[in-house]
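This is the structure I want to talk about, given as C-alpha cells.
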Amino acid sequence: MLGAGYSVLVMNFHLILFLAFGAVCVGGAVNLLVQRHPINSALSLIAVMAALAGEYLLLGAEFVAAVQVIVYAGAIMVLFVFVIMLLNAGEEEHTNGSQVAVLLGVPGMLTGSVLMAWVVLRHSRTESVAIGALPGPPNDIAQLLFHDFLLPFEVTSVLILIAIMGAVVLASKPEAAAGKVE
Amino acid sequence: MTANLNLWLFPLLPLAGAAINGVLGKKSSRRAVTTIALFFSGAAFIWAVKVWLAVMFTRDPRWAGVLDLPHTEFFAHWIRITGFSADFAFYLDQLSLVMLLVVTGVGFLIHIYSVGYMWDDPSYSRFFSYLNLFMFFMLTLVLANNYLLMFIGWEGVGLASYLLIGFWFTKDSAASAGKKAFIVNRIGDFGFLIALFLLIKHFGSLDFEQVFQGVSPLASETGEAGLLTAISILLMVGACGKSAQIPLYVWLPDAMEGPTPVSALIHAATMVTAGVYMVARSHVIFERAPTALMVVAIIGTLTAFFAATIGIAQTDIKKVLAYSTISQLGYMFMACGVGAFSAGIFHLMTHAFFKGLLFLGAGSVIHAVGGEQDMRKMGGLKSYIPWTFLTMSIATLAIAGIPPLAGFWSKDEILWKAYQVSPVYWGIGVVTAFITSFYMFRLLYMTFFGDYRGAQVDAHRHGSDGHDSHGHGEPHESPMVMLVPLMILAVLSLVGGFVGWGNHFERFLAPVFGAGEVTAEAASRVTEWLLMIVSVTVAALGWWLAYLLYYQRPDLPQKIANSLGSFYQTLVHKYYVDEIYAAVFVKPLVDGSTRILWQGVDRKIIDAAVNDSADGARHASDEVRQMQSGNIRSYAGWIAAGSAVVIAFMIWMAVGR
Amino acid sequence: MVPLSCYLLLSGFLFACGVVGFLVKRNIITIFMSIELMLNGVNLSFVAFAAHWHALAGQVFVFFVMVVAAAEAAVGLAIIIAVYRTRETLNVDQVNLLKL
Amino acid sequence: MILTPAALYSAGTYSPTLPQSADYVRILPEIILSIFGMTVMVLEPLLDEETGQKVLGLIALVGTLAGLGATWFMAQAPGLAFWNMVQVDGFSVFFHVLVIAIAAVVILSSYEYMTVQRIRAGEYYALILFGVVGMALMSSAIELVLIFIALEISSISSYVLAGFRRHEASSAESSLKYFLLGSFATAFFLYGVALMFGATGSTNIDLISKTLQAGPLPLLASAAVAFMFVGLGFKVAAAPFHVWTPDVYEGAPAPIVGFMSTAPKAAAFAVLLRVVFVIHVPGMLRLIWVAAALSMTLGNMGALVQNNVKRLLAYSSIAHAGYILVAFAASPQLGTSAAMFYTAAYAAMNLGAFAVVSHFANAGERYVTLEDYEGLGRSSPLLAATLTVSLLSLIGIPMTGGFFAKFYVFSAAVQANLIWLTIIGVLNSGIGAYYYLRIIVMMYMRESRREVPVTPVPLALGLALAVCLAATLYLGIFPGGVLQNAQDSARQFAPQTLHEGSAPALVSTVP
Amino acid sequence: MSTESLSPIILTLVTFVPLAGALLLMLLPRRDRDIRVFALVVSLLTFVLSLHLPVYFHRAQAGFQYQINKQWVSTPNIHYHMGVDGISMWLVVLTTFLTPLCVLISWKSIHERVKEFFILLLILETALIGVFTSLDLFLFYFFWEATLIPMALLIGIFGHERKVYAAVKFFMYTMIGSVFMLAAILWLYANTGSFDFVVIRDKIASGAVPGFAAAAQWLFLGFFLAFAVKVPLFPFHTWLPDAHVEAPTAGSVLLAGVLLKMGTYGLLRFNLGLFPEQSRQNAWWVMTLALIGIIYGALVAMVQPNMKKLIAYSSVSHLGFVVLGIFSFTQAGLNGAMFVMLAHGISTGGLFMLAGVLHDRRHTYEISEFGGLALPMPVYAASYLVIVLASVGLPLMNGFIGEFLVLSGAFQDKAVYGILGATGIIWSAVYLLWMYQRVFYGKVTHPVNNSMGDLIGSEKMAIWPCAAAALVMGVAPILWLGAIDPAVHAALAPFAQVVSKVVGP
C-alpha cells in the first residue's frame, strides 16, 4: 500500500515539484506586474528567480541553479533593491502617456505568445524529460567554459570592464562634470 | 557654262547696299548714304536692262544655250538632306524678266524720289538700308527657281514692309500697323507652307521645273477636292495675305502709316503684286484645278468691287489709294482666275506705273501741304504744285481706264477675258471700273480744284514725318529730285499700255503661259469692241459724276451722305471689318489664353497638382512623425507589435510550404 | 516525467510577462526588472533545451546570459540614476523630452 | 617574437588542447584594441584634464591604427579559430577594416568636441575602443552566443556613450531610451538564439545551416529567425523597429551619433547577412522586402519636415537602412557585396556630415536647427562644402560614394527581379533628395539671420573631414577596388543562389 | 604635329578641360577680374578644342566617331565609353559655344560670389558635354544627374526673389523624373549585362534580351518620363517658367540653350535608338503632347507680362517642334528636330542674354516697365530684333530651316500634325513681335528708361556671336545638315518603311 503510494508519489514527484515551482514562478511574475511599489516588484522577481533555480535543479543543472541563486537573486537583485532605496522610488502613479503600448503592444504580444505556444507544442509534442535529465557538474561545465567557450568567456571580461566604466561615468556625481561646466 | 547672266547679282547688289548703309550709315554723311543706295539699286536696274536687251536682241552665238529662256543658274547649296533639297538657284524666263524690270525700274525711281522725300529724316540711312533690303528680298522672290527660295523672298519682303511701315516706330499706330502687316502675312504664309508640304509630300521637290514636270501629266481635276485643288487654294491663301485680298486685306490700309515712298514701292508697285506673280508662276498647277481657279476669280472680283466701294468714302488721300490698290489687285486676280495670266501680269505692270505715280504724287502733295493727308483740308493745289498736278492727273486718267493710257489697255484686256469666261465677272468688273474712275477723280478734284481749305502750313505739322525744316507759309512744289521720277512714271503711264497693242505682251509671255490663249478668235472682235466702248463710257460716267459732285456742287456729297446715313457710315468705317476681326479672333484668343490656359490650366491645374502633392507628402510626413511620441512604452509597443507580425509571418511562411 | 513543452511554455510565459511588464509598468526600475524577467525566461528554455539535446553547452549559455544581465544591470541602473538626477522622476511617461 | 604570415601558417597545426598562435592572430585586432582601451583607461586618472584630452585621444588613435595593422595580419591567416568561434574571411576582414576605420575617424572628429563639451576623455575613448572590439567580433563570430556577447559589448558601450553629456537632460534621456529599448530588443535576439539552439541543438552558424539544409525545416527555426530578426532589425534601425532612432540620435553627442549610426550598424548588418544568407529559412527574403520598403518610406517621410539636423539625419539613417535591406532581399552574392559597399559608403558620407554637425553644434550643442545653418556657405565655405558633398552623397548624386552605393543596391535588386521594390526605392531616393536639399538651400541660398559663431576648424577635425571627403569621392569615382573586394568576400561566404525568387546572379560579364 | 593626332583623346579633353579649369579656379585668389578672365580663357579653350570635332569629322559616315572605350568598373561592367555622331557632335559644340558667351554676359552682372559662380558654370559645362558624349548608359546617367546640382545652385544662389522655390522645384522635378530612367537602365543592365549603348541596342534589335517584350513598354516610359520632364513636354513644363524667371542670365542661357536639349537628345538617342517598336506605338500621343506644347506654349507666352516667362513658354513651344519632328520618324523630321535644337539653343540663348541686359539696368523683367527703348538704346534694339526674327523663324535665319523641315516631316507622317504644328509659325510671330513692340516701340513711357545705357563691350561680345550664328545657320545650314543627315539616316534605319515615304512616289 504504502509502497504503491510511495511509488506513485515518486512517479509524479517530478511533476509535482515542477508544478510547485512553476506556480511560484507564475505567481511571482504576475505579482511583479500588479504590484505598484517597485520594492514589491523586486521581491516578487527574486521569488521568481529562486523558483527558477528550483526548476534548474529538476532539470539536473545544479551548478546553474546555485549560480542563479547566488549571482542573480543575490547580487543583481540586491543592486536593484539598493537603487530603489537610493532613489527612494515611491508608488508609481498611473499616468497613461501611451495608448500605443496598450492598444498595439499588448495585443501584439498576446498573439505572438499564442503563436509561440502553438509552435512549441507542435515542436515537441510527447517527448518528456526525466528528472535530473542532464546533470551539469562544475567540472564538466568548466571543461566547456575554459576550452570550447574560452573566447566568449574571455570576451565577457571586456563586457564587464565596459559595464564598470559605464557605471562610473554615468553615476559619478555630475558636480564633477559641473565643476568643468562653469 | 562659258558665259552666264550672273543672276545672283540681282539680289546681292541691293543686299550689299543694305549692309553697307545699315552698318556704316549712322556715321556717314547723307550724301554718302545716297550714293551707296542709288548706286546699288541703280546697278541692279542697269544690269536688268542689260539682261533684257541681251535676251531680246542678242543673236551672238556665244550666248546660245544661255539665252534661250527659261534659263537656270545654280548659285549654291542651301538645304540638302536625304530625300529633299533646295538650292540657291535662279530661274529666268519672260515672266520673271518682266517682274525684274518692273521691280528694279520702279524701285530705282522710288529710290531717287525718296532722296528728296526723306532728306530731312533723322534716320535717313536706316530708311535706305531697309529699302535696299526690300529690293534684295523682292528680287530673290522674283528670281527664285524653287518655292522655298521664293518663300525666302516672300517672307523677306514681309519683313521689309514690317520694318518700313513701322519706320516711325515712336508712333504707336505705325508700330501696330507694321506688326499687323507681318502677322496677317504670316497667316497667309501658313497656307503657303502647307501647300509646300503637299508639294514635297507628293512631288518630293520644290523646284519649279520638277514640280511642273510632275504636275503636267496629271489630268485636270474636276472634283471639288483633289491634290492640285488643295495645293492651289492653299497657295491662293498665301497670295491673299501678300496681295491683300479678301479676307486678309486688312493690313494694307493700315500700312499707309509708312513713309509715302514705301507705300508707293511696296504697297502699290511691287510687293503686293507678289501674290499675283506667284499665282501666275504656278499657273501649271492652277490650270489643272478649275475649282481653285474659280475661287481665285471670285475672290479677285469681290475684292475689286468691295475695296472700290470703300474707296468712295475715304477722305485720307493715301487710304483712298490703298483701297484702290486692293481693288486693282482684285482685277489682277480676276485675270488669273479666268486663266488670263498674261493679262494679269500686264495689268500688274501698268498698275505699277500709274499706282506708283499716284502714290509718289500723293507724297508730293503731302510734302507740299506739310504732312496733311486729309483731302478735306486740301483743294486748289493745282496752282501751287502744277507739276504734281499734271503727273497725277495723267495717272488718274490711266487708272480710270481712259484710252489710250496704260490702264485702259490692261484693264480692258482683263474685262474682255473675264467676259469670255462669264459675263458676271465682267459685269462686276465694269461696275468697279465705274466706281474706280469716280473715286479717283473725286480725289483729283478734292485735292487740286476748288480753293485751298487747309490752314497755313506751320513748320511742324508732320512731326512724325520728320521733315520739319521747311513748310514755310503756303504749299510749295517739291524739289526736282522728286519730280523727275514723277515725270518718268507719267510718261510710262502714258505709253506703257502700247506694249499690249496687238497682243505683243501676250506673245512675249506665251512661252510661259502657253500659246493657247494668244489666238484671239476673229469672230468675237465685234463683242470686244462693244465691251471696250462700254467700259470707256462707264469710266467717263464716273468722271462726270465726280466732276458734278466735287467740282460743281461741292455741297451735294454731304447731303447724299446724310441721306444714305448708316450705309455711308458703314463705308466710312470700311464695313467694320477690323472691328469684327478684333471681336471674333483677337479678343477671345488673348482672353482665353490668359484666363483659361495660363491662369486656369497652368496655374490652377498643373502647378496646383504639383504643389498639392508636395503638401500631401508633408502631411504624410507629419503623420509619420506622430509615431515618435517620445514615450518609451509606445516605442516598446511598436516593437512588440512589429515582432508579433514578424513571427506570425515567418511561421506562416514556414507552415505554408 | 514532465513534457519538455511544459518547461518551454513556462519560459515563454515568463518572457511574455516581461514584455507585458515593459509595456504597462510606469516605473523605470520596474520596467528594467521586467527585462530581467525576460532574460530569466530565456535562461529556462536554454536549460530545458540543454536537457532535451543532452548538450551541456545550453547550461553554459546561462552563465553568459547572467554575466550580460549583470553588466546591463550595472549600466542600466547607473543610467537610471543619471536620468533621475536630471529629471527628478522615475516615471517613464514623463521622460519624453525628445519626440517627433 | 614577430609573427610573419609564413610563421603563422607553419604554426597552424591544430591541437585540441590549447589555442595556437594562429588562433590569437585571428583575433589580433580585438586583442590590440582591448589593450589600447585598457591603456587609455589606466592612464586617464594619472593625467590632468588638458594633457589627458590630447594624449589619450592620441593613444586611442594610435590604437585604432594599430588595430588596422593587426587586421592586415589577421587577413593573412584566414580560417577558423578558438574551436569554431570566429571565422576569418574576406567578409570579416572587410568589416574589421570598416569598423576600425570608422572608430579612427570618430576619434579624430571627437578630439575638439571633447574640450568644447567638457567630456572626460578617458572613458570616452576607452569605450569607443572596447565598443569597436565588440563590433569587430560581431563581424567575425560564427557562434551565436559569442555574437550575442559581442552585440552586448557594442550596445552597452553605445548606451553609455549616448549618455555622455550627462549634465544634459536630453542626453541622459536618449541614453535611457536606447538602453531600455536596446536591452528589450536584445532579449528578443537572445530568445531567438535559445529557440535556434532548441531547434538544431547547436549555436554554431555553420552547423545550424548544415542541419537545416539536411533535414526538414523545424518550425522552431523559423520562429527563432523571426526573433533574431527583431533584435537585429532594432540594431540596424529597420522599420518597424526604428522608432528609437530619432530620439536617441537627437540626444546623443554628435560625434557619437556619427559613430552609432555607422559602426554598430555595419556590424549588425554583418550579423544579419550571416543570419539571412547562411542560416537561410524560407520567407526571410519577403520579410526583408517588406521591412526595406517600410524603412525607406517611413524614414524619408519622417525626415521631410524635420528642423533639427541631427534628427533629420537620424530619419535619413532609417531610410538608408532601408536601402541596404533592399540589397538583402536580392540574390546572395550581389546582395551581399552591394550591402557591404553601401555600408562603407554610408559610413564615409554620414561620418562626414556628423563631423561637420558636431563641430558646428558648438558648446552644449546649441546650433543644430536648420535655421542655424543659414548662410553657412558664406561664413565658412570649407565646412559647408564638405557638408554639401556628404549630403549630395546621401542624396546619391554622381561623383559620390552614395551614388554608386544606391546604384549597386538597386541593380542587385533588379537582377533579382525585384522590380517593384526597386521602383519604391528609386522613388524614395527621389523624394529623399528634398530634405537633404533643404540643408544645402539653407547654407547657400539664405542669408544668416541669427548670429552663429563659427570657430575655425582644428587640425584633427580637418583631418577627419578630409578622410571622409576623400573616401566619399574615392568611392564615387573609383568604386572598383572596394567593390571588387566586397564581391570576392561575398563569393567566399554566400551560396550562389537561394531556393527562393532570386535571379541567376551575374557577376562581371564582360562582353 | 597635326592636330588630328588629338582625335583619340579629344572627347576626354573637351569634356574635362572645364572641370580642370574649375578646380584651378578654386585655388585662385578671390580677385574677381582675374577669375572672370580665367573662366573666359578656359571656356574659350574648350570651344576651340571642340571645334576639332566638326573639323576632322567624317561627314559621310554615320556611326560614332572619336570613340574612346576603357573599362571603368569591372563589375558591374561600366565602361568609360565616349563618342559622337552627327547628332551629338553639334550639341557638344553648341554647349562649348554658349559657355564663353555666358561668361561674358555675366561679366558685370555677377559681382558677388564671383568665384563660386564661375566654378559652378564650368562644372556645369563639363556635365553637359558629358551627357552628349557618353555612350555608356551608366556614364550618361552619371553626367545627367551631375548637371542637376550646379544648375540648382546657380539658380538658388544667384537667382532673384523666389530663387529657392524655383531651385528646389527644378531639382525635385528632374530628380523624380530621372529615377525612373535609372530603374529602366538597371533593368537593361540586368538583362543584357552591359551598359554600352551600342551593345544594348544591338542585343535588343537581335531579340537577344530575355523578357524584353513584356518590359519594353515600361522601359520606354521610364526613359520617356525622365526626358519629357527635361524637355519639357506639355504637362511637365511648369518648372521651366519659374526656373527661368529666377535664374541668373547665364543660368537661363544654359538651361534653355542646352539643358532642355538633353531631354530631346535623350528621346532621339535612347527612346528611338533602343525601343523603335514602342516609339512607333506611342508616337501618336507623344506627338499630340508635342502639338499641345507648341500651341499651348505659344498662346500662354503671348499673354505673359514678364519677358523671361514669355521666352520660357516660347521654349516650351519650340521644343514641342523638336519632339514633333523626332516622333515623325521621317528624315526631314529628324533633321529638322536636330536643327531646331541647335537653332533654339542659339536664338533663345540670345534672347535670355538680351533680357538679362535689361534686368541689369532696371532689375525687372516686367514688359510694362519698358517701352520705346529703341530710341535710347538703338544698338540693343537692333540686336534684339535680329534675334527675335531668328526665333520667329524668318527664312535665312536659323529658326526657319529647322521648323520647316520638322513640319514637312510631320506633315509627311500625318498631314494634320503638320498643319496644326504649322500654326506655330503664326503664334511665334504674334507673341514675339507683340513683345518687341511693347518693349521697343512707341514713346518712352518711363522716364527712367531714357537714361538706360546701350550695350557695353562685354554684352556685345556675348550677343553678337549669337546673332551671327543665327544668320550663318540660316544661310548655310548645309554645313550642319551635312553631318546630321547621315546620323539621322542611321537612326531611322529601324524605321525603314517610314523613311521611304520621304522620297515620295
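As written, the chains take the letters A, B, C, D and E, and residue 1 is the first residue of each chain.
We adopt the following convention: a contact is a pair of C-beta atoms (placed from the backbone, for glycine too) under 8 Å apart; a residue touches a chain by one contact, two chains touch by 3 or more.
Model, not experiment: these values are computed from the prediction.
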Subunit E and subunit D - chains in contact with each: B
Dominant chain pairing [most C-beta pairs in contact]: A-C
Most centrally placed chain, judged by C-alpha centres: E
Chain centre separation in whole Å, for subunit E relative to subunit A (CA means): 71
Separation of mean Cα positions, subunit C and subunit A [Å, integer]: 7
Averaged-CA centre spacing for the pair subunit B and subunit A, given as whole angstrom: 104
Whole-Å gap between the CA centroids of subunit B and subunit E: 37
Junction residues of subunit C, two or more chains touched: 8, 15, 18-19, 22-24, 31-32, 48, 52, 57, 64, 68, 71-72, 75, 79-80, 82, 85, 92-93, 95-99
Residues of subunit A touching at least two other chains: 97-98, 101-102, 105-106, 109, 112, 115-116, 119-120, 123, 148-149, 152, 156, 159, 162-163, 166, 168-170, 174
Subunit B residues counted as touching two or more neighbouring chains: 625, 628-634, 636-643, 645, 647, 651
Those chain pairs that satisfy the touch definition: A-B, A-C, A-D, B-C, B-D, B-E, C-D, D-E
Of all residues in subunit D, those that touch subunit A in their complex: 19, 27, 30, 34, 37-38, 41, 49, 81-83, 85-86, 118, 120, 123, 126-127, 130-131, 133-134, 137, 143, 145-146, 149-150, 152-153, 156-157, 159-160, 163-164, 166-167, 175, 198-199, 218-220, 223
Footprint of subunit D on subunit C - complex, ascending: 8, 15, 18, 22, 28, 31-32, 35, 38-39, 41-42, 45-46, 48-49, 52-53, 55, 57-58, 61, 64-65, 68, 71-72, 75-76, 79-80, 82-83, 85-87, 95-99
Contacting residues of subunit E [partner subunit D, same complex]: 71-77, 113, 138, 141-143, 145-146, 148-149, 152-153, 156-157, 163-164, 167-168, 171-172, 175-176, 179-180, 182-183, 186-187, 189-190, 193-194, 196, 199
Residues on subunit C engaged by subunit A in the complex (per definition of touch): 1-10, 12-21, 23-27, 29-30, 32-34, 36-37, 40, 43-44, 47-48, 50-52, 54, 56-57, 59-60, 62-64, 66-75, 77-82, 84-85, 90-94, 96
Residue numbers on subunit A that touch subunit D, as the complex places them: 115-116, 119-120, 122-123, 147-152, 155-156, 158-159, 161-163, 165-166, 168-170, 174, 177-178, 180-181
